[in-house]
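Following are the structures in question.
Next, two complexes with subunit A in common: one pairs it with subunit B, the other with subunit C.
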Partner chain A sequence: MRFISVALAVAGKDLRSEWRGRELLPALAQFIILAVVIANFAFDLDLTTGPRLSPGILWLVLVFAGLVAFGRTFAAEREQASLEAMLLTPAGPTAVFAGKALAAAALLAVCELVLLPAMAVFLGSPLSPLVFATVLLATVGMAALGCLFAALAAQTRARELLLPVLAMPLWIPFVVVGGRAVQASMTGAPLNLQPLAVLLDFDVLFVVVASLAARFVLDE
Partner chain B sequence: MTPAVRAHGLVQRFGERIALGPLDLVLNSGERIAVLGGNGAGKTSLLRLLATAARPAAGRLELFGLDAARQRDRLRARLGYVGHQPGLHPALTVRETLELFATLHGMGKEGVGEQLEVVGLGRLAGQRVDRLSRGQQQRLALARAVLHDPELLVLDEPDASLDAEGRGLLGQLVRGRTLVMATHDRALARELCGRGLLLHGGRDAGDPWALRLMEA
Partner chain C sequence: MPLAALAVAGLLIAGAMIFLYAPEDDLQGQVQRIFYIHVSSAVAAFICFGIVAGASLLHLWRGGLRADRLGRAAALVGLVFTVNTIVLGIIWAKPIWNWDPSQTWDARFTSTVVLGMVYAGYLMVRKFAPPGPQAMRLASVVGIIGFIDVPVVYFSVRWWRTLHPGTVLGAAGGPALPPAMLYTVFITLIAVLFFAAVLVAIRYRIEWERDEKAARAAAASLELAQSPGGPGERTSSLDWG
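And now, the complex of A and B:
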């Protein structure tokens, strides 16, 4: 119970800070729309190629938006020493980490609410509840891993380089499984919920691993 | 009676450079010690070890009889720390800051308003932290450090940016607690502390000098 109240308080603090500062979301929304527009011109999409290439564009944009969103999760707080102030309480690093990952996942979910309609408008990508569910499930695991590596990278000088190098290889399973599920949905293949179950398994695995590792990454 | 602080052969190093130690220190409950010394003397390194913000490279540190390296979570409920930077979240309001830390300490939020009045920030409760002056931010950092009524207070140059009233407040906040305070202000050290520890090159340069300073 204490763990949940701490995690929610930390997540609420991060979301409130973003709402008041409006530093990340407007820039990410711009990035997403520009990336989709550029993809539209670069691939010269039509009604036939659109549904086939859209999943790839979706995951590429999502991966890069995630790197920006997660990269900022810990960096500023480390510089201001406000992260240390939270870690020096009895709340425990795992609860603080969970709160920050929750807020980062929520921010990425908001980005997805911009990305998916933008893809429908500019690329003519067919959207379905399965596409939304796939992307949201992938967000959970990606956020857990992304925040863990962001916490690690924030302790180094080359954090902008280190985060992609650490996070992207471990995000590949989400891109492979999520990409296939989205492609099947967009090309009108019969409904198959197995990829969602696999994504859920990944989520559980990576959330547990990240939570266990967070103590060692943060509390040093 | 178990001392509040017992350090034996305490060493902190950054790469090859020894920042502190080896240092021995015993501080009884309720004692207040001023850590003195020039820049790079090892004051902040010592304070960060005492606040459990860092782990020693060698030696043993016990706080209230507990191993500071292994029982950090238990100790943190009994410690209050203000470092070089106030460590505040700029987009939160003054009240939200203390409410967040009340939750992190597993406390109710009822005491927050009273605490703000004590540090003279009651009328600024709804003000965002990044719109406060540096002195007001320091008061908020002090309020956060004593919110959970810690037994041991570790303060790194707490008088930074504080006005005369703020310095008076400092005396009020440390009353009844064990205090380890780094400062360059000899008058403040004399006023708040009964002991001195002079550091030079990371080592204890001898109490007699520090005592003379206190008596001067």
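And now, the complex of A and C:
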């Protein structure tokens, strides 16, 4: 119970400071729109190629937006040296990590709410509830891993460099399964919920693993 | 040293068997001879990866330098064998699959590439993290999570699409290879694994000497700072005098 209240307090603190400062989200929204615009011109899309290529564009933009979002979660704490203060409290590193991951996942989910409509408008991607569900499910596991490696990279010299190198190989399962689910949904294949179940399995696995590992990463 | 010579001799024997003893493949011709080293390096790479994960776990659990040094040594050797596996696989795949991307990225190729990336990340964390216990702890986390991720990648791609030939050695009703090829496979496998073990041992020694040197340097600078008339003493007399 205490664990949950601490995690929620940390997540609330992160979201509140983002709401008051409004730094990360506007920048990320701009990043996403620009990426979609670049994809449109890079692939020279029309009505037939748009829907066919949009699953790939979706995952590419999502992965890079995730890297930016997760990189910032611990960078801000580091700049103000507030992470040490938080770890000095009796809160426990795992609860702090869970809170930060929760806040980062919420921020990325907001980014997705920008990304998917932007793709529908600019690329003509056919959206469906299944696409939203897939992307949201993938966000949970990606946030757990991304936050863990952001916390790890924040303690090193080249953190902007290290986070993509560490996080991207580990996100591949989400991109493989999620990519297939979005592809099937966008090309109008019959409804298949199996990829969602697999994504849920990955979420459970990586959330547990990341929470177990958080103690060693945040142990200053 | 004698072990290293033995490892090289083993590789030479394996090479002779691959090119002189093993029969030519009916379908694939000479290219198929890549198979022996390709599979053996893949096995060596995955065993090294297991050692990295085990050493990481041991380091997080018990601490200490020895497990960490083993992890460092196995990661570097494993990366070499992973790259070797991938390069040989590409050379072999070119004439057989003609490099069609939809066929190339099958489960084993993808998971081996991810394996190489995780090794590279493991070594990179060591390079960029502040040296000492922190670098060891952070790298251990990468080693363990990477170990969990690679099979997940394998199965998620396999569930999607895969092209590699099914298990040849463990097939039902005995191995599906002629005996001459089978002996070559086993000799090559043993030679390559022995070679990998020797490389890990050599690397372990290099890391051990590096640790010793760092410890000596730290002790020497501490001694210098504490000795009368040393830099530490002089600075303080300058400051207060």
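By our rule, the second predicted complex is superposed on the first by the 220 of 220 C-alpha atoms of A that agree within 3 Å, B and C clash if a C-alpha of one lies under 4 Å from a C-alpha of the other, contacts with A are read in each partner's own complex, and residues count from 1 in each chain.
The rule is short, and it goes like this: a contact is a pair of C-beta atoms (placed from the backbone, for glycine too) under 8 Å apart; a residue touches a chain by one contact, two chains touch by 3 or more.
The structure displayed is predicted, hence computed values, not measured ones.
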Based on the superposed arrangement, let me know which partner A:172 touches: subunit B (first), subunit C (second), both, or neither?
-> second
Have a look at where A:128 lands relative to subunit B and subunit C in the superposition and call it first, second, both or neither.
-> neither
Determine, under the contact definition given at the top, whether A:219 touches first (subunit B), second (subunit C), both, or neither.
-> both
Mind working out whether A:21 is in touch with subunit B, subunit C, both or neither, as first, second, both or neither?
-> first
Which of the two partners, first being subunit B and second being subunit C, lies in contact with A:49: first, second, both, or neither?
-> neither
Partner chain in contact with A:90 - subunit B first, subunit C second, else both or neither | first
Would you sort A:209 into first (subunit B), second (subunit C), both or neither based on which partner it touches?
-> second
Who does A:155 touch here: subunit B (first), subunit C (second), both, or neither?
-> second
Return the residues of subunit A at which the contacts from subunit B and from subunit C coincide.
-> 219
Sort out for me which residues of subunit A touch subunit C in the complex.
-> 145, 148, 152, 155-159, 161-162, 165-166, 168-170, 172-173, 176-177, 180, 198, 202, 205, 209-210, 213, 216-217, 219
Per the touch rule, the subunit C residues reaching subunit A in their complex are 60, 110, 114, 117-118, 120-121, 124-125, 128-130, 134, 137-138, 140-142, 144-146, 148-149, 152-153, 156-157, 159-160
Which part of subunit A faces subunit B closely enough to touch in the complex?
-> 2, 5-6, 9-10, 13, 16-17, 20-21, 77, 80-82, 84-86, 88-92, 96, 219-220
Quick one: in the complex, what on subunit B touches subunit A?
-> 51-53, 55, 72-74, 76-77, 79, 81, 83-92, 96, 100-101, 103-106, 128, 144, 148
